[in-house]
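So, here's a batch of structures to check.
Okay, so chain A shows up in both of these, paired with chain B first and chain C after.
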Partner chain A sequence: MSACDNPNVEKDALMQRRQKFDGKTKICVRCKENTGNVVIRYSVYCKSCFFPLVQTRFRKSLEPSINPVPDGPRKKALKAAGSLVIGLSGGTSSTAMLDLVAKSYFAPKAESDGKLKGGKDHPRNSDKGVWKGKAGVCYVEVCGAFPGERDRTDEIRSVVGSYSNPNFEFIPLRLEDSFDSNWWKEVGGDLSSSAAALGLDMTDEDLRLVNSSPELAPLQALRTYLTSLPTQTAFYSVIQTLIRLLLLHTSASRHASHLLLGTSLTSLSVNLISGIAQGSGYQVPEEAKEEWRPRPDRGMPVRVIRPLRDVGMKECAIWDWWCNLKIVGEPRSLYGGGKNSIGALTRDFIFGLESDYPATVSTVARTCAKLVPKEGSDGICALCERPAQQGVQAWKARISIRSYQEARSSVSGNTRPPHLTEEEIVNLTKASLEAEPTPDSPISLTPLLCYACHTSLTSRSSRGTAALLANGQALNQVPLPLWVRSTADAAISAHVHEKEISVTRTIKMSRDEMEKEISAFLLPEE
Partner chain B sequence: MAPRSCALCQKAKAMLKRPKTGQQICRDCFFYVFETEVHNTITEAQLFNPGDRVAIGASGGKDSTVLAYVMKTLNERYQYGLELFLLSIDEGITGYRDDSLETVKRNQEQYNMPLKILSYDELYGWTMDAIVSQVGRKNNCTFCGVFRRQALDRGAAMLNVDHIVTGHNADDIAETVLMNIMRGDIARLGRCTSICTQGEDTIRRSKPFKYAYEKEIVMYAYFKKLDYFSTECIYSPDAYRGHARAFLKDLEAARPSAIIDIIHSGEAFEIKEEVKATQKVQQTCQRCGYMSSNPLCKACTLLEGLERGMANSGITDRARKKLDAGGPAPDNIRTIPFFSRMNSGGNPAIAVEQPS
Partner chain C sequence: MSKVSLKIEFGGGLELLFDNQRSYRIDVPSEVPIDNSTDEESLSTKEKKPVDVKYLIHHMRDHMLKERVELFMEKDTVRPGILVLINDTDWELEGEGDYKLKSGDEIVFISTLHGG
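And now, the complex of A and B:
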């Protein structure tokens, strides 16, 4: 491929469009006997070879991470440290994943005569499962964020109920549970009264926390939070974060060692590019595989595995179709935003690539699998609970000057803005300095956030906010998800303690102030 | 509605909305923050040492015209102590470079900087016109891109400078990050966000406009009344990076910080050590002495194909095999002249046009 040819003039200049398959033979490349039924990445497969193909890829992505020591020998047994939670959205890929999990790990292993040897209570037959306890299937209903969308919980419940043999436990959640203290208590979260009242002042670029946030019903709190976001991009990415954290906290409360998500290869590529475009390059490895640690004493680490990360969306759809699975479908609005959201734009872009250049989609995933974050983590982001990089605020201040106070080291003396006098620049930097927090005033959420989450809450677009706030809801008292309140409250206590120890700060003196201090010693000018 | 006052100085009337931050600010504050951000980029990366000789890659387009102006301004304001030169490459495309080279010549006068124009003809014995007549319009960008990069390095060696600065802006870098991910070009992905790269010839190349938005560069030129030529190459108008560029423009429209966010992402990750170990080690071109990842550098490979009448041999494997089957390269094959930089400061190895 030559990258420089002109796509406007020559349609195929950027990449040579390959034929869907070589066209020489329609015989399956695997068994070399049957006539093929499906083309996957330029190769022809028959129906009976398709199932083992997908199942092998699925197991290859999942099994190395099942045993507590990852990538270790697993010939003898697969034995996870805890229980299993499966995230189900009702879409093509997660429906296929649920089916694959049921068939691969929960199908009854009958002896040749159809009877278990030694009876069902025989030690040989008890505790044969890979995971401990009953597997849970967790669904997060998002209709709260999209007025007018129907509630799909019951449809999903019937899909889960259709698997009688593994007998999954259905765990319905709602997006607004992130703001529901009952749910937070159920998953073992702690919340002091000071934390419960914490809110965010979204009108302030410094994202100051306020401690007089009104108590709203969970659904109303969710809507206030979502509508306060400055862009459509932020709206959709925050919803994804809420879903992820709801699933993770629920998994931890069930002592789950694994949370399986039905991200296909295609969706993974979308998430990677969309994440990179939203500034989460530091968290690229987490998109494919992550290990999330709940706060101390709240359970074991949860491994988030995407076992379909090597299987394209098309293959998932074929699996569903040939297995007669019912697709409830995800709400269309979840991928809305059209031209206004980075997530939706990336989705359109990658889906377009997948149909014409399927290799590019896997290239994106393979390239990103070779990346690691650079050294220097600053702890965990309060919002997305993924690793946050050090020094992002200094980086932002250096490359986009948003106030002279931020840039005060380089705006004084001879290098000050030429159209401002020395006095004026001193006043500008001082005015902002005086607004710095004191031990009594609340602190900012900013230092607790990763680059991408901070950008989501602050980066604006000329296309305006997602929607207008309902009556009586103020942008300066926006409720926060409960895990954020809990983390921020702990940070505030630490901050106040720190302030008690160190209360000095440096302010550049203006000539007037200097003069005032020494005025008694100055002789009147002639 | 009453006119808004500048979000930065809160004194003057806001004249523009900054593409990078969305803030409404006055013209003077815009100039000041634009320049200071470039200064921050330069000082944070410690790009220069006092006394450095720095060549500005000047094409006469917007980026390099603004770069020359800003470099001169900052050099004086912050006393970098740099000796600045202009270095232009003439690809030899009739009607393409003529106007923009005039701009560069005018900059030479205005900014009082010495100028060197180096042509493909002088260096490789081929103009782009001649190359296109042999290879056709498809793939000719491969030649132009490889030849231009080498020409800048060789021109810099001729000027005996320590450093080349180019006008690559934030949009260019964000595009490159996306493109390298989509092409799986892991080696380039690892280095495309570094502000400064250095070959073994000790001449450093850097991009002081790494965080400057293309729109702001145009805005700066507009308000400063700097004139430049926006010329599209007649062989491949606006061709480069079609898919990635269109996608990036959509992202920027959805959320303007996307450009800087992509660069931040690119800076936040690196290539795994075990993958790095499998990458090719840099060596020296057996024919011309330029740094290369193969026994022959890309320019020599392309040039050999041109000289032997099989221009595609530098582009496709099949054509390369055909060329190899035709026997080894003849002894009298053209060699690209190699200019070695002198170790200590001193005069350029060639005559440069001094401003009159």
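And now, the complex of A and C:
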């Protein structure tokens, strides 16, 4: 049976499972001497060749982006424009990344044997690192979002402390810091505009902003925000966004030129596929490599680098095991969290794919690396601070019907809700037009969002959004992360260029009205 | 019945499923039922094969696992995302589940499911 028989015609014609290595020899493909210990994408490596292999891939992904002019000639030493921040979750790949960074760039120099050295080993170069100042190792504690989970900050602190490297500084953050004005002030955020946090009316599809959100403690604000999200998928993707922005703003406040994230090849593929499934296809290039500019402008842009993007999760796990590294982060999937979210389903799919057909996972990442967005960007999303696609709302209004009121756009009878007559639809149209916001009504967050964030906040789940949140907070005053305000304030002060961001709508008219509109041009009936 | 002594270790947080204990020393029978059933009756009555990793996984599921079987096993083997090392070597080089266990073997199970 060939591997490509048609399974519909021939019952047993399934694709044959390929052997995990060529099967001829167990000798390492690199040194060609030792017996292999590990199979990586069909190739066999021994333990002593495994370490340089991973380290080379790590450096190859990171070093071209270190100097201010990326990919430029690097004949001179590597020299970054600012300091370094490393994101550490305590999971498999970020633990491996921290170890690789420590061993590659912060390893203590070997003791001098008394001989005078020159060149880059000259004593005057001894304290010149690649990055300026101390490297910050930043951990975001997420237990605030998962009541009942324990706080792991101290365990992570001891992992960072185990490097006994004076150049590492541990920076503990918490997910609820996104709603904490003290943190926002610390990272240089603007607090001048208003004392109260910005709120959001989640009961309204237009996501109207309200200015008078009640004063909530950061943890309570975080929980209100997360509970108000309509789907489980949104819950998990919002947590990812909060972690990313906390790390980015912290990096900017430390004048960091680079933020390193431990996304392995496997998790990059998961993020790409699940991102596309959630509507962030436009941001595919950002998923692999991103340059973020703090707003309001305060310092240099931060390059987000994923130096393990060519190293699979298997290699990371084996690196951790062979280097005796402790994995502190708890495998969240062990507790069934988000079992049915798009992220978790994609992860299960990609992990299954990786164990059966390892090369396909790298194909996902390589294919996505070739994607270029067709449309330009018309700004930065207020929530995720990634580029937002042009004209998203106009397009969304054209292709979807969000309510019966919008049934006006379904001009043909085929797509009309069957229980409504044409006349009823026209009346609905009028009703909703009357309800259109006047210039005085609060502004909407919608035009400030990218497609993915807008979809997260407005998608409908089968269980629906709770009318009232558990802690008594109403859905029409949901607090927003503090950075949203810097974008929204600009929009409010300009009193929303309502004209520019308005969406062209199609209005259904009755036959009589249509006749009236064109009556002047009609020839009299004879 | 002769026994095979093994050392089992867990990494990457997998120990949470096994009473939070990272290392175990266990004995398994050297001859086990072909269908990998691990109850006393099957061990004495059913047709036998030499003990292999596939049986060990069933043994761990039936006698050591404390919670959530679906997070450890899938379709008669370990769930994708769990790596197995046999004497410090990837089990893919040793024939995966068909590897015949010997006394003194060290089997390591590492979870990669945490990710980041």
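Assorted remarks:
The working rule: the second predicted complex is superposed on the first by the 410 of 526 C-alpha atoms of A that agree within 3 Å, B and C clash if a C-alpha of one lies under 4 Å from a C-alpha of the other, contacts with A are read in each partner's own complex, and residues count from 1 in each chain.
One rule holds for everything that comes next: contacts are C-beta pairs under 8 Å (C-beta built on N, C-alpha and C of every residue); 3 or more make two chains touch, one makes a residue touch a chain.
In this text the structure is predicted, and so the values were computed from the model without any measurement.
When the two complexes are superposed, the chain touching more residues of chain A, out of chain B and chain C, is B. Contact with chain B, but none with chain C, is seen for A:I342 once the two complexes are overlaid on the shared chain. Legend: residue contacts after superposition of the two complexes on their common chain; A:F170 is shown touching neither chain B nor chain C. In the superposition on chain A, A:V364 contacts chain B only, with no contact to chain C. Of the two partner chains placed by superposition, only chain B is touched by A:Q278; chain C is not.
By the document's definition of touching, of the two partners only chain C reaches A:S89; chain B does not. Looking at the shared chain after the overlay, A:P373 reaches chain B, while chain C stays out of its contact range. Contact with chain C, but none with chain B, is seen for A:I327 once the two complexes are overlaid on the shared chain. Residue ranges on chain A touching chain C, taken from their complex, read 20-21, 26, 36-39, 44, 47, 89, 91-94, 261-264, 266-267, 270, 313-314, 316-318, 320-321, 327, 329-334, 336, 347-348, 351-352, 354-356.
Taken together, the chain A residues at the contact with chain B in this complex read 1-10, 13-14, 231-233, 272-273, 275-282, 284, 339-342, 345-346, 349, 353, 360, 363-364, 366-368, 370-374, 389, 392, 395, 398-404, 407, 410-411, 414-415, 417-420, 424, 428, 451-452, 455, 459-463.
Chain B meets chain A in the complex at residues 8-12, 17, 20-23, 28-29, 32-33, 36-37, 39-41, 44, 77-78, 138-139, 141-142, 144-145, 177-184, 186, 189, 211, 236-243, 247, 250-251, 253-258, 260-262, 264-272, 275, 315. Per the touch definition, chain C reaches chain A in the complex via residues 11-14, 16-17, 68, 71, 80-81, 83, 85, 88-90, 92-93, 96, 108, 110-116.
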